[in-house]
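Each structure below is given as structure tokens.
Each of the next two complexes has subunit A plus one other chain: subunit B in the first, subunit C in the second.
Here is the complex of A and B:
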């Protein structure tokens, strides 16, 4: 397979996953800000949304204040933000168009359809109802896209590169939520169980579509350390760091098997998975949750670079 | 106003036998149904993403070529003749190119003026004395044909550089078969779906001698911003070959390779949809980023086949076009089966005098123009335009040729909820391999959707039709 083709597949998956993530952040933030202040405290949730999306620098060079209008515009529709939902979908389609022969027609139709639908939204919906519909549309796009990939792609190298992109991006997204919200998840936090944080915790779970899963797994009310456990170490939760790395190891190994050669990517992925598998929450809290997440993000980036060097250049 | 030959009703208004089935079908069908089918067709085209890019239009970067649902039908015997004529013409063009970049006998005989070749921008001195694999220059040709009477077909233009449009031939048929199975059952239409196989067989047959037993064939595209990008990816997919861009290829030790996830892999045949100028920055335009540095050195070393060869523009240039009858006779010793449109070359004084005198009746074209740009259609032009063009011709007569305004045949077309005649042309595709010449029965029929218009180019509002060649 051409390196450029592999690169495009990898990025199509990343962009679609990122668009989905941004849509969920926006949806959750709109939910939180709709609650009376007494339930969520006086923090500016829109600030937090910008930070979770990982585009604080870009945002504040365009706007002086983070509020509903500016954040919605910047994260969803801004042309100036290279990672806005609109740009993600456009870039996904550009990449898809460059490798149409490597995608199945079902995948192409999903991405092309959503690009056409995106155009109908123009510069962005003005009403909240319409905006919610837009966010649903983005999340449905990623569901349909992943679903059609899962159901229609041959399990050859093309598929594994696609999955690599998706899982790297997913791991990065979950880690970023943890990175912005880690202070809410500390066990010694004085607000434990307080009404203020309850809604914040629920919001974190919603943003990785895991609120229901949480109850199924732990069968108790929301506890911050359990939320951290679910998002970091629980391999059964599809967006947890552990699950992402179980999958990344599978994807990397499948490539190694197809090509008959192991390399840095395989070693790196296995290394990170082992680290996650051998960790316990108590120990992570002891050594510092924030430090743990920061280190993970940088390891995840290194795996991304290793994949690029080994296959995509 | 001259009477045009109508594909359905001839010159005299009597229904022609080939169109009887279509006529009956059209009369059975309500306009609503046909309108609905048109919408479905458009939806399908947009959904599969069969679009083309238009240069110089920022907001409408991806457009659909309008598709007309009424097919154009060619009888079996008409097609047989076209097929023989096309084969003959393309054979002659290949021999001509070998000669021009070799012994130049045709120039020594004085049949074509030397300056027309040597001072022509599309002549490639880099190809002088170079052998190309299997002596084939034109692997894929798209020959534009128009019909002016029941038995008169003219070749309007030979496209032997990187002709496009074949994806529409294939997709138009797919969509027609989906929308109108009933109409197909009334006819025996020869299939076109084997074109990708024929093309692949052609490309594999011309691999260089140094290639592996299973030659690696790739399609080289300028990338997603090219107007024909859809077609490039479509064909690569149908052929099952890699769609590469210049940056995917590299040349080392006189061999071309592509960058893959498993390291470099040798490339033997390049079906290139990149123009000569952009192929290799070391040989041609140094500012080109679309090409592959060193490609020409690998080509000269005989380690890679380019399809089509470099320098074929010297065969389809409008200035050379008018010599095509002589070219056929000279190399094959046969009378041409397909005629040229009568053409006046403004470079010759008596021709120029005639052209200037009859300007309002003629179509004048720039020798190097394409896509329907830079031409004058005499009968449609007002006085000011005629005068302006006259000045341009007088200033640089060599740059122009002129032809009579042709009464292109018309074909029934669905416009404004009714059937009306519109002018059409035809581009069949001719494949030349080291083993044989292959022509799929059909081609791309382009239709000028504006009433009375003769310009069928898609960049100027033309549409396409499915082209049916009947089996019996």
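Here is the complex of A and C:
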């Protein structure tokens, strides 16, 4: 396969996953800000949404204040923001069109449909109801796209590049949420159990669609250290860092087997997975949750560039 | 190196046993030089196989089966991808501070002859690495590899007295000596891919890891007088053989037990590193 083709497949998956993630962030933030101030405290949730989306710098060069209008506009529809939902879907479609023959027709139809539907939303809906519908549409796009890939693609290198992009983006997204919200998960946080924390914790879980899963796994009320455990070390939780890396190792191994050779990407992915598999939450808290996550994000980025160097250019 | 392991243990009984309980320490964990591609355990009886970590962080599986059983077979097989790390073990699970591994156990008592031997072997050497390599060479020279005279419960001092033993005994002598010199050391059980091409082996392999402050844990194999290479698959650690034993268990009934162990270690297929 041409490196260019691999690159397109990898980025289609990344952009669709990113659009899905942004939609979740926006939905959760809308939910939080809809609550009375007494429940959620006076923190500006829109600020935190921008930070979690990882585009703080870009945002404040265009707007002076983070509020519902500006953040909705910037994260969902802005042409100036390279990672807005609109741009993600457009870029995903451009990448998909470039490798139209490497995708199955089901996948192409999903991505092309969404691109056409996106146009109908124009510059963005004004009413909240309409905007919520838009967010549902984005999340459904990623479900349909991912599902059609799973159900229709041949398990060849094309599929593994697709999965690689998806899992690396997913790991990055979960780590970003943890990075912005880690202070809420530290066990020494004193006012444990207040309504403020409850809604914040529920919001973290919702943003990775894990609120129900949490109750299934732990069968108790929300505890910050258990939330951290679920999102970092639990391999059964599809968006946890551990699960993303279990999958990344499988994807990298499959590519190594397909090509009969392996390199930095495989070693790097295995190294990170080993670290996650051999860690315990108590040790992570002892050595600093923030340090752990910062290190993870930089490791994940290194894996991203290792994959680029090895396969995509 | 991609190493494929198949380890079959077969128990046969003249009179069937009525109940058996076993703990298996047969599942490797990943570390920086070792990636477990796939691994599975297959027990011939219907039973629940529960995975848990023991105190050292080893993966253990416990199972129990009700009889009558006259033939019990435990098959472990898998594939591990290893890299040469010059014997240095990083990224492994560490549940205890190194000083715990100075603790003496009945199998690794350093009696006066071993103490004397260790002192003589390292005389004039400075620094842990030089000391450990001197001890490694000395143990390899002094104790001849011989599968006949020793058995699983032979202690370090007995084996040292005989000057004979298997990899397990050499590891015990090395551990006793190193600990008597104040260097934390631990027993490692695992598999070795033999460079001479012999695939079928009678048992797994055993070696030692010693603590070197500036490097961390470093693996030494007294049976071959080298540090562990990429041919080694690290499965379990412990203070001595009993702590890292691949199978421990008990049974009710079952007279006339015969045990058959078959270990196969070979290379899966050759992959070229880019």
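Descriptive notes on the structure:
Assume the second predicted complex is superposed on the first by the 313 of 313 C-alpha atoms of A that agree within 3 Å, B and C clash if a C-alpha of one lies under 4 Å from a C-alpha of the other, contacts with A are read in each partner's own complex, and residues count from 1 in each chain.
Throughout what follows, a contact is a pair of C-beta atoms (placed from the backbone, for glycine too) under 8 Å apart; a residue touches a chain by one contact, two chains touch by 3 or more.
Please read all numbers here as calculations on a predicted model, not as lab measurements.
Superposition of the two complexes onto subunit A shows subunit B and subunit C fitting side by side, with no clash. Once the two complexes are laid over each other on the shared chain, residue contacts for A:186 go to neither subunit B nor subunit C. In the superposition on chain A, A:273 makes contact with subunit C only, while subunit B stays out of contact range. Ranking subunit B and subunit C by residues of subunit A touched puts B first. For the combined model, the angle formed at the CA centre of subunit A by lines to the CA centres of subunit B and subunit C equals 110 degrees after rounding to the nearest 10. By the touch criterion defined above, A:253 lies against subunit C but remains apart from subunit B after alignment on the C-alpha atoms of chain A. Look at A:262: by the touch rule set out above, it reaches subunit C but stays clear of subunit B.
Contact with subunit B, but none with subunit C, is seen for A:109 once the two complexes are overlaid on the shared chain.
In the superposed model, A:281 lies in contact with neither subunit B nor subunit C. Once both structures are overlaid on their shared chain A, subunit B and subunit C have a minimum Cα-Cα separation of 11 Å.
In the superposition on chain A, subunit A positions 261 are in contact with subunit B in one complex as well as with subunit C in the other. Touching subunit B in their complex are the following residues of subunit A: 1-6, 94, 97-98, 100-101, 105, 108-109, 112-113, 116, 157, 161, 255, 259, 261, 311-313. Partner subunit A is touched in their complex by these residues of subunit B: 46-49, 223-224, 229, 233-234, 236-237, 242-245, 247-248, 258-262. Within the complex formed with subunit A, the residues of subunit C that make contact are 29-32, 35, 37, 57, 81, 83, 91-93, 271-274. Interface residues of subunit A, counted against subunit C in their complex, comprise 249, 253, 256, 260-263, 267, 270-271, 273-275, 277-278, 310.
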